[in-house]
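Here the chain labels run A, B, C and D in written order, and each chain numbers its own residues starting at 1.
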Amino acid sequence: MSLDTVKNAEQTPEAEQPWAELGLKQDEYARVRELLGRRPTGAELAMYSVMWSEHCSYKSSKIHLKQFGEKAPHSDALLVGIGEQAGVVDVGEGYAVTFKVESHNHPSYVEPHQGAATGIGGIVRDIIAMGARPVAVMDPLRFGAPDHPDTRRVLPGVVAGIGGYGNCLGLPNIGGEVVFDACYQGNPLVNALCVGVMKHEDIHLAKAAGAGNKVVLYGARTGGDGIGGASILASETFESADGKPAKRPAVQVGDPFEEKRLIECTLELFGEGLVTGIQDLGAAGLSCATSELASNGSGGMRVELDTVPLRDPSLSPEEILMSESQERMCAVVEPGDVERFLEICERWEVTATVIGEVTEGDRLEIFWHGEQIVDVEPGTVAHEGPVYERPYARPEWQDALQADDASRLPRPAGGEELRAAALALVSSPNQADASWITDQYDRYVLGGTVLAQPEDGGMIRIDEESGLGVALATDGNGRYAKLDPYRGAQLALAESYRNVATTGAKPLAVTDCLNFGSPEDPAAMWQFAEACRGLADGCRALGTPVTGGNVSLYNQTGEAAIHPTPVVGVLGVIDDVARRTPMAFAEEGHLIYLLGETRDELGGSAWAQVAHGHLGGLPPEVDLEREKLLGEILVSASRDGMADAAHDLSDGGLIQALTESCLRGGKGARIVVPDGVDPFVFLFSESQGRALVAIPRSEEVRFNDMCAARGMPAARIGVVDGEELEVQGQFTLPLDELRTAHTATLPALFG
Amino acid sequence: MTAHPEASGLGRIGVVTFPGSLDDGDARRAVRLAGGEPVALWHRDADLRGVDAVILPGGFSYGDYLRCGAIARFSPVMGKVSEAAREGLPVLGICNGFQILCESHLLPGALTRNDHLHFVCRDQRLRIENAATAWTADYVPGEAITVPLKNGEGGYIADEATLDALEAEGRVVARYLGGNPNGSRRDIAGVTNEAGNVVGLMPHPEHAVESLTGPTTDGLGFFTSVLKKLVTA
Amino acid sequence: MARVVVDVMLKPEILDPQGQAVQRALPRLGYEGITEVRQGKRFELEVAEPVDDAALARVREMADALLANTVIEDYTVRVEEPDPAQAAA
Amino acid sequence: MARVVVDVMLKPEILDPQGQAVQRALPRLGYEGITEVRQGKRFELEVAEPVDDAALARVREMADALLANTVIEDYTVRVEEPDPAQAAA
């Protein structure tokens, strides 16, 4: 077996290289040769090919994502903006919070349990790498048709994976989404969000500074995980001893116990000030960690690759560089601190090895048994990947889709039909109670969970003395985005923002996971471009900057792409979590107010889907000024103790929100349809900028005055009362019947 | 027990952290809220630092990969805990801690995979059956409480003779109400040893000590019980 | 009545955190000299009819479809001779 | 180097929900005629030294102390002949 050294590459410029198999385009390979002034070695080729992949380089999405920075609203709260592994937001009292959502879609289709588990593992390491203690996770999920046999394979596996990993790490799961739609059949979306807390002074960035500092790799030993691609290199250019390419697993298996020790160990290392720079190992493993650490710092880096502890001794150096073995971190440590660093790792039974050091120059140099196999300028690997301006075009079917308005659909008339439609809606898989899933997640661990599913947002107490806390929600509606991707992205933002404000927290910042089809398809690329534009404009209007996120493209089987699915996470802050507003109607006699305006807006609605299997027309209008005002009203109502409960209106409209608040509190409601309003529209429309609040009678005047003074439409529509949900003059639904309908669906499908 | 140099008086309750413990912080908070002084113990400690009682918290010690609690049982600190427990030191094992106590044979029986095969997290009603143990004296016999339950392997199991003996000797500490969440024999949620100082409990009282973060504050009684006992001892 | 045993193990190249945890624990308990531990599953199936080739083929199908996750696991199927001790019990 | 296999099964009188779940799923997948399924664990231990009686006795101790919970589980220990296919890889 011959080693492809730098020297060898210089001497054999014409050697054939499997760049195409590794996913590089011809011009990309030519560019690598140009950057190096010679052909790359096998190891260099491995590094460039993974780092220049769509997943790592964002080559198709970069030009659109730029807007998040360019259009970003000014925010005093932003401590670390877009571009780091995760953004950092100032939440006051010296605390900073970092949060990010990421996708693990494809791996979760191949092996649902492990794919979803390692998705949680990856996002949690991102958060630790910022210097923060992870405090909660969330899991926005999308599956194919609920009754499709493959959904029975994917969903239980994904849920068990997320639960198995997150529960074992001891991170409460405080929210997420479950959406079914046939468009996700071969492309389920498994997004995962993690939020972490630190003190301002603890923010750590991924950079390697200070010549002579040591590079320490710690955590799991490196195996052949996720390097299907790299084994091409091993087999084609460097045959293994017996001439056969070794077997390399395409599936990564997570070890949450290893990650738990990694978290505790890393936090102790931070606590003792032993970490100068740090990077998690995720996609592209060591290739990514070494090149990013080196290019973000001032100096160069030298790595002795044969010191990397291996799980599989047959790995070639190329494979070691590309391995995506989970539960690993890479730190830069001052020489005097190395001993203590290793001691703490030993205490947590975490394997730690010095694999190299920061050097004077500006090169990343990697050696294997004393021979140099990589000599590159790290920035060319990490940051100077190709950038594409992919062609995009509004698909020609868009007009027809928008013209196919939901107003043509037959609507229920009269109490009996409305009642049946209500039951059908609240028991449909997308609107049904998700506890079959969420009961598999620990929401209590760490003792800081103030709100969790099924509340509008999850809320975590940060400081036990002051009661300072944060709230988070994630939302996305692929049906809306399919009808209009620009507006769809803003609708996702608006809903997430509204969910956070409903809990009483003030929305501050945004993270997003953009799940789309193939960037090589101009229609999908147009959806992507429109969604980015919509989200960037929306964030500017709401004053909530995007701090980070993730792009997942190629969610497509053949010609069939998923609905464009921008998932938006919003983070808010609340001074005292004791002031939180829950969603439950808990007190008889409280007055139910509907905030906002209801219009005849049923395009893309849950009703259109449930009653008619229909998707067409335009989604509801967005008015971000109104969303902002609604948010202020909800936050004031919480702070001043006016509202006893609040619940935002979103898919499913008023009837869905009433059902959830009644069932949560175990109390009924008597509702009056306002004069001149069509009962069907009143109950089922999905007009935005609305929320329900329950107000004690003693607060009614004050609450009304506040709404009037600020110009917020507020209508008293009923009262919390009894054991039934009654829409006067229309129908009555006993809570027991409602509860059975709402809760039986998922257990029947998956139990 | 011999006096320990660190002992500052009564009410020092040790909470052991094993690799993979998760609810150790919550257990310490519960001790604090109940008026005691929590003392962090590490699994490699070969000394209990003179604590007056020990809590083995919930979590996934050693990942719970082999069997829950099977590996933690062999840690140095457990050697000391076992010794002290046999001499009467109050010990409470919650969830994973209960599993460790069974694996250590400080309590009879074992905990097996939930009969529905899923991890379950929910607010669980319980009936306190034995209000005479070191950890339940602040409850009234028959009192119903609600505390979180969260586990994947919470089904209590023992042979019929053992179960009969537990019932006859009043050693069932708590029973599930409103539906058995995991297939536990005879709805058993917790048991005690003959002396009543060692209690194992599957649900999590330490998550029900503040109304803001728990479903109730019903769990506080476990911690106040042992603290009172220490004062009057 | 016959018993067919299906052994399901993670493929050799797949990380086995369970086996690792056991292996790491052994020296602490004073057991040295075990260089690797892998943990898998064992299924014992009681088959009503005589186990001929066709029956074995069907068990193999079951293993493939349900008992093993062939993305990450391998399995073996074999007939087990009745253990006289068991049979007596 | 030799491989010792430890099989750990729930005692017959102990309910096995995992095995039951498998058994219930089989007819739904079209497999009839399996009257019972029990699911247990299989451990493969690679032992550095030759496996003589003393070594086997030690593995038995490990099984008793750690690999099985004898309150609810039984175990068997046996040496496995090296699989030639594996050995070559």
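Convention: a contact is a pair of C-beta atoms (placed from the backbone, for glycine too) under 8 Å apart; a residue touches a chain by one contact, two chains touch by 3 or more.
Values in this document were obtained by computation on a predicted structure and should not be read as measured data.
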**OP:** Just tell me the minimum hop count from chain A to chain D, counting one hop per pair of touching chains.
**Re:** 2
Original post:
Between chain B and chain C, what is the separation of their C-alpha centroids in Å?
Top reply: 34
Subject >> Whole-Å gap separating chain C and chain D, where each centre is the average of the chain's CA atoms >> reply: 6
Original post:
For chain C, which residues are shared contacts with two or more other chains?
Top reply: 12, 17, 21-22, 25, 29, 39
Subject >> Multi-chain contact sites of chain B, meaning residues that touch two or more partners >> reply: 62-63, 65-66, 71, 74
**OP:** Could you list the positions in chain A whose residues touch two or more of the other chains?
**Re:** 247, 255, 257-258, 349
Original post:
According to the definition of touch, which chains form touching pairs?
Top reply: A-B, A-C, B-C, B-D, C-D
Subject >> Touch list for chain B against partner chain D, complex >> reply: 66-67, 70-71, 74, 102-103, 108-110, 112-117, 155, 157-159, 183
Original post:
Tell me, which parts of chain D touch chain C in their complex?
Top reply: 1, 7-9, 12, 19, 22, 25-26, 29, 31, 33-49, 55, 58, 61-62, 65-67, 86, 89
Subject >> chain B residues within the chain A interface of the complex >> reply: 19-20, 22-23, 25-26, 29, 58-60, 62-65, 118-122, 148, 150, 152, 204, 206-207, 210, 212-214
Subject >> Contacting residues of chain C [partner chain A, same complex] >> reply: 10-17, 20-21, 24, 69, 71-72
Original post:
Can you list the chain A residues touching chain B in their complex?
Top reply: 160, 163-164, 167-170, 255-258, 260-261, 348-349, 439-450, 461, 464, 577-578
